[in-house]
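Below: one structure in structure tokens.
Labels A, B, C and D are assigned to the chains in the order they are written; within every chain, residues are numbered from 1.
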Amino acid sequence: MNTFGTLFRLTTFGESHGPALGSVIDGCPAGVPLTREQIQVALDRRRPGQSSITTARSEPDQVEILSGVFEDKTLGTPIAAIVRNTNQRSGDYEKLKQEDRPGHADAVWRERFKHRDHRGGGRTSGRETLCRVIGGAIAEAYLARDLPSIRTVAYVSQVGELVASVPAPGLTREQVDAHATRCPDANIRDEMSRRILAAKEAGDSLGGSIDVRVEGLPVGLGEPIFGKVKALIAQALGSIGAVTGVVWGPPDLLQRIGQPGTQFHAVKDNYGGIQGGLANGEPMQVRAFFKPPATLMEHAKGGRHDPCIMPRAVPVLEAMVSMVIADLVLQMNARPHSL
Amino acid sequence: MNTFGTLFRLTTFGESHGPALGSVIDGCPAGVPLTREQIQVALDRRRPGQSSITTARSEPDQVEILSGVFEDKTLGTPIAAIVRNTNQRSGDYEKLKQEDRPGHADAVWRERFKHRDHRGGGRTSGRETLCRVIGGAIAEAYLARDLPSIRTVAYVSQVGELVASVPAPGLTREQVDAHATRCPDANIRDEMSRRILAAKEAGDSLGGSIDVRVEGLPVGLGEPIFGKVKALIAQALGSIGAVTGVVWGPPDLLQRIGQPGTQFHAVKDNYGGIQGGLANGEPMQVRAFFKPPATLMEHAKGGRHDPCIMPRAVPVLEAMVSMVIADLVLQMNARPHSL
Amino acid sequence: MNTFGTLFRLTTFGESHGPALGSVIDGCPAGVPLTREQIQVALDRRRPGQSSITTARSEPDQVEILSGVFEDKTLGTPIAAIVRNTNQRSGDYEKLKQEDRPGHADAVWRERFKHRDHRGGGRTSGRETLCRVIGGAIAEAYLARDLPSIRTVAYVSQVGELVASVPAPGLTREQVDAHATRCPDANIRDEMSRRILAAKEAGDSLGGSIDVRVEGLPVGLGEPIFGKVKALIAQALGSIGAVTGVVWGPPDLLQRIGQPGTQFHAVKDNYGGIQGGLANGEPMQVRAFFKPPATLMEHAKGGRHDPCIMPRAVPVLEAMVSMVIADLVLQMNARPHSL
Amino acid sequence: MNTFGTLFRLTTFGESHGPALGSVIDGCPAGVPLTREQIQVALDRRRPGQSSITTARSEPDQVEILSGVFEDKTLGTPIAAIVRNTNQRSGDYEKLKQEDRPGHADAVWRERFKHRDHRGGGRTSGRETLCRVIGGAIAEAYLARDLPSIRTVAYVSQVGELVASVPAPGLTREQVDAHATRCPDANIRDEMSRRILAAKEAGDSLGGSIDVRVEGLPVGLGEPIFGKVKALIAQALGSIGAVTGVVWGPPDLLQRIGQPGTQFHAVKDNYGGIQGGLANGEPMQVRAFFKPPATLMEHAKGGRHDPCIMPRAVPVLEAMVSMVIADLVLQMNARPHSL
């Protein structure tokens, strides 16, 4: 089950300390403008070592396109792209050969897959998410051609106990990227940075939440029952290791879930842009909750892990949501409904 | 996309006011003891008109098995089962022909599918969930044969502003069903009932949450990346119309999401029985948040809708989770891993 | 694996002597004109007891639509349709309880599925193909709306040793149905009838071949590699029990397979309407070879089986091919390719 | 649709003149012994330039494993393997930029995918089949661990007009590989070689057939209806460009398809090892018919194409059949049937 999607399909492969990670995207239409640089730019937003509040590990994560693109346009054939693992300091992990890392899935994975790979998280490593970013960059290249009105922007909305206020409509990725935390709330993000650095110092870690907002979706996007936007986004975000909760609707929805229906339904915003499982034409809003990372503690000295992964997870969530949208757009294209 | 699952597959069909709804379950092994009554008992737990706090509408929802079962055992062939719609008071809906019901997906659905069916919610009706209950009853029949230690129990944990306390381990469905609210907290459930009845009187409705707890899962259950237990349960529950949020972990997880990692990971219970996307052998816990129903308001007089659907949604969530588990058990069987 | 197709999906269920057989067709667009009678007409062409050369068993095979159609148009929701088994003379089969029928899959099926159902072929019965005819009727209803130029016509091209000559272009189903053999060659079909009747008298059976011809396919129909028209038609026809060979190309292709390439490629007709796995705009031609039925011998007295199933298999092949085409048309719609 | 299989899944990518071709195999169990050399050996059997009767083009086709294997055992994660295109003499093809190659799918592909890639066949090139050989090598590695009794051997059975006699049971790949034609019939294969060389001289090409024989299949292998061994092998072989017909059964089956049932069913061998769509425990036999290649004519001088591709197609067919078997074995494992 390393494939996601029905018509726009992502297959990912690769272990964190093997030769390479990569993606095969099958189903992207032909003629979509796509360069290596577009994918690289997307990967650079996820890359470790971007700022002082992320891991000190520095991996260039250079992407190479192996197929499916010719003269900067897609061919309609599968697009394969890989990233070599250059930083294979497996010596660091040699000592882990005998012991499970606390808070990690090592024991569970070993029980199930008779795992013998002690070189870091292997397939369970967060490094796998770079494959999703590749897929997302291609999904966005497709959507930019056919549905340029769609804008998918994610941002950090909570770090530890600090909860950001809701940003105004029209938020851009540039605005989000302007701060190392990827939180657009200017009143709180510097404090977030300080807390992350303090956690790093203390060998500790922080969780929180990321919000994803999608503007410009066509009315009716989504498929009935098991292909509801809601259901697919849940699977998409739930497949990210650290995500421990998904809420569709405005950021404060859970605070108002106890309201009586007359009050709740009076505010159309409460639908989060989804009705009957389909996009209703309003901005779509989703919040994903993140556990604090487990890896940090034992590696505090090495500084090779993120005290707070959310700033780097922002492009991963955007990628997953963009792939769901691209897939549903293709499915919507497929069936011409009439009266 | 009316099919769910990879090896244990549910396909559902039927509109709320058409001739029948039904399910085809493909992939259930042969030789599983299964009677019509088992499915009927499951459906009866979801049936409208069970108590004063649910809809007054009374539909017998008698299930008929059309295939796949012979002499009370499964044949290994697709199991089809249907429920006739006997209560087709389409006259009630005649007046809706021209107008969209507020809070409903009617307009969105019409835009997308050029919908012409004014007979109630059609395919978007909550009535579709009876098809899931059929699938769940069969999944549980299979699990009872091969993994009888698994116990899946859901219960209402919040109604409006009232939040129940966490029940002790070993909770049974009988205990849950003992009260019309399906809330096991004896200190709060009578008040929940009163609030639901008051909402009904007022033509109003209430949302809240349901918790699902699964004991006895085999260690390692789940598939990598997009087949994580977490991801599949998210899709499964996200496919239910009124669900607006899913959290994996103990009921109060979101209150503690801001804790530093050292504190968070010290409590193994915080994993909710899932690590690296796989079952870790501890009880699995999931909470689903429900919007208050939208239908009630305009139909308050007729009393034909639920002021609070959660008591009846309990068996639907159990069914979806049981199908995810059955599917993952078959997938786990499929691949004999070795050292 | 009782589901066929990617976007236009058929799921079939039912045993030959259980309560009912049926189909769920998921993915048909909304607004397609479709009546119960259209499906019934298709089923009547497959029905036993149509003429003296088929089985004397008479089953009315009345279809009932359970969902997905409203006021004679599809709703875009799953279309479920069932046929009750009215002729359950299981007493006939009681004697088979202990013994396997020669030439039948009984022993294999029992080994694999621990089969306990002695009531005829159960799921392996040719009766299952009526479910395909339902799916085909719906696929054709869709194609009639969106691609009315497509004409799919199958006909019997060989019975026993008798090989028919190739019919002229423009052959219609009416012309095929004009003779009980469903062979359009007026010079040989009466002799075919006589041989079939003689085989019936002798408690024997006859195989042969059926050709399928499709005119009006859009150029380029098909998906790369594993979704080639050729590959999907092979799976579609190979899933029919009695089919033992499939050849794409003109009826006499195998006689000319030994020709050198310069000669072979000089005749464009040799491509059978397929190049690079995609439809090339010429009529597509496929031949399916049929084994003689195995059931006849032991039941010669009862006369309840077909000495030659091909006349009744003609609509089954048309149905399978139409579903492949409908599925590929939806897939072609899905992806707007550009330069 | 560049993915094949349900539980043992092959995804292929790559154009004949792009940077690389490759495969991702998802679903292989963990702990299967697998080395790069095993895959390389398989690829070497398909490689161009093996003998005087194949193309003079020499491509080393060195495989690199990117993921899924650690210390010569599979990890249970996706196995990605690539082959770089080293021989990108695109100048050779520059002249083709304006004109379509006769007998090729260029025009059809361009109509459908708005194809702009003039560098040889791109995705329609027979070179794509090396990806299948990678998948087949891994399938066979898995089967060697769990079902070592299975032996899949293919061989050339017809070249032009020359038809080989049926080899004795127990044929090995070594015996097949002992002659450049990969035909085991010592009485005819030298003449086959001469005809292939003569065709090459004349700028011509030859088709024919390949037989695949599988011994040691478990009784009952296969899934009902659309997952019949027969149906899946048809799709598997039908997905190979030059294959124009597939027959299940002994090599001379079509000569005897006209026999009456009493005669036909008296010879159990006529079932080709398949009954009711499932393996019956006898050797399985399949014949695939090949068109003469179209590419040769225009490139006769350059000698860069095969006058007869069948010797090199033998390992491709074995690979496809092995993947079907591995997939069905995993599916058989998945569901424990009982009485």
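Observations on the structure shown:
Here is the rule we go by: a contact is a pair of C-beta atoms (placed from the backbone, for glycine too) under 8 Å apart; a residue touches a chain by one contact, two chains touch by 3 or more.
What you are looking at is a predicted structure, and each value in this text was computed from that prediction instead of being measured.
Touching subunit C and subunit D together: A, B. As for how the two copies subunit A and subunit D face one another, over half of their interface residue numbers coincide. Looking across A-C, A-D or A-B, the interface that copies C-D in more than half of its residue contact pairs is found at A-B. Between B-C and B-D, more contacting C-beta pairs join the chains of B-C. Measuring from the averaged C-alpha position of subunit A to that of subunit B gives a distance of 27 Å. For the pair subunit B and subunit C, the distance between mean C-alpha positions equals 39 Å.
Averaging C-alpha coordinates per chain places the centre of subunit B 46 Å away from that of subunit D.
Shown for subunit A are the residues that touch two or more other chains, namely 1-3, 6, 12, 30-31, 76-77, 113-114, 116, 123, 224, 331, 337-339.
On subunit D, the positions that touch subunit C within their shared complex are 1-4, 6, 12, 102-109, 111-114, 116, 123-124, 128, 158, 160-162, 199, 202-209, 219-228, 230-239, 241, 243-249, 253-254, 257-262, 264-265, 270, 272, 275-281, 289-294, 296-297, 331-332, 337-339.
Considering their complex, residues 6-7, 27-32, 76-77, 145-146, 224, 330-331, 333-339 of subunit A touch subunit C. Those residues of subunit D that touch subunit A in the shared complex are 1-3, 9, 11-15, 18-22, 24, 26, 30-31, 64-68, 70-71, 73, 75-80, 82, 113-117, 119, 122-123.
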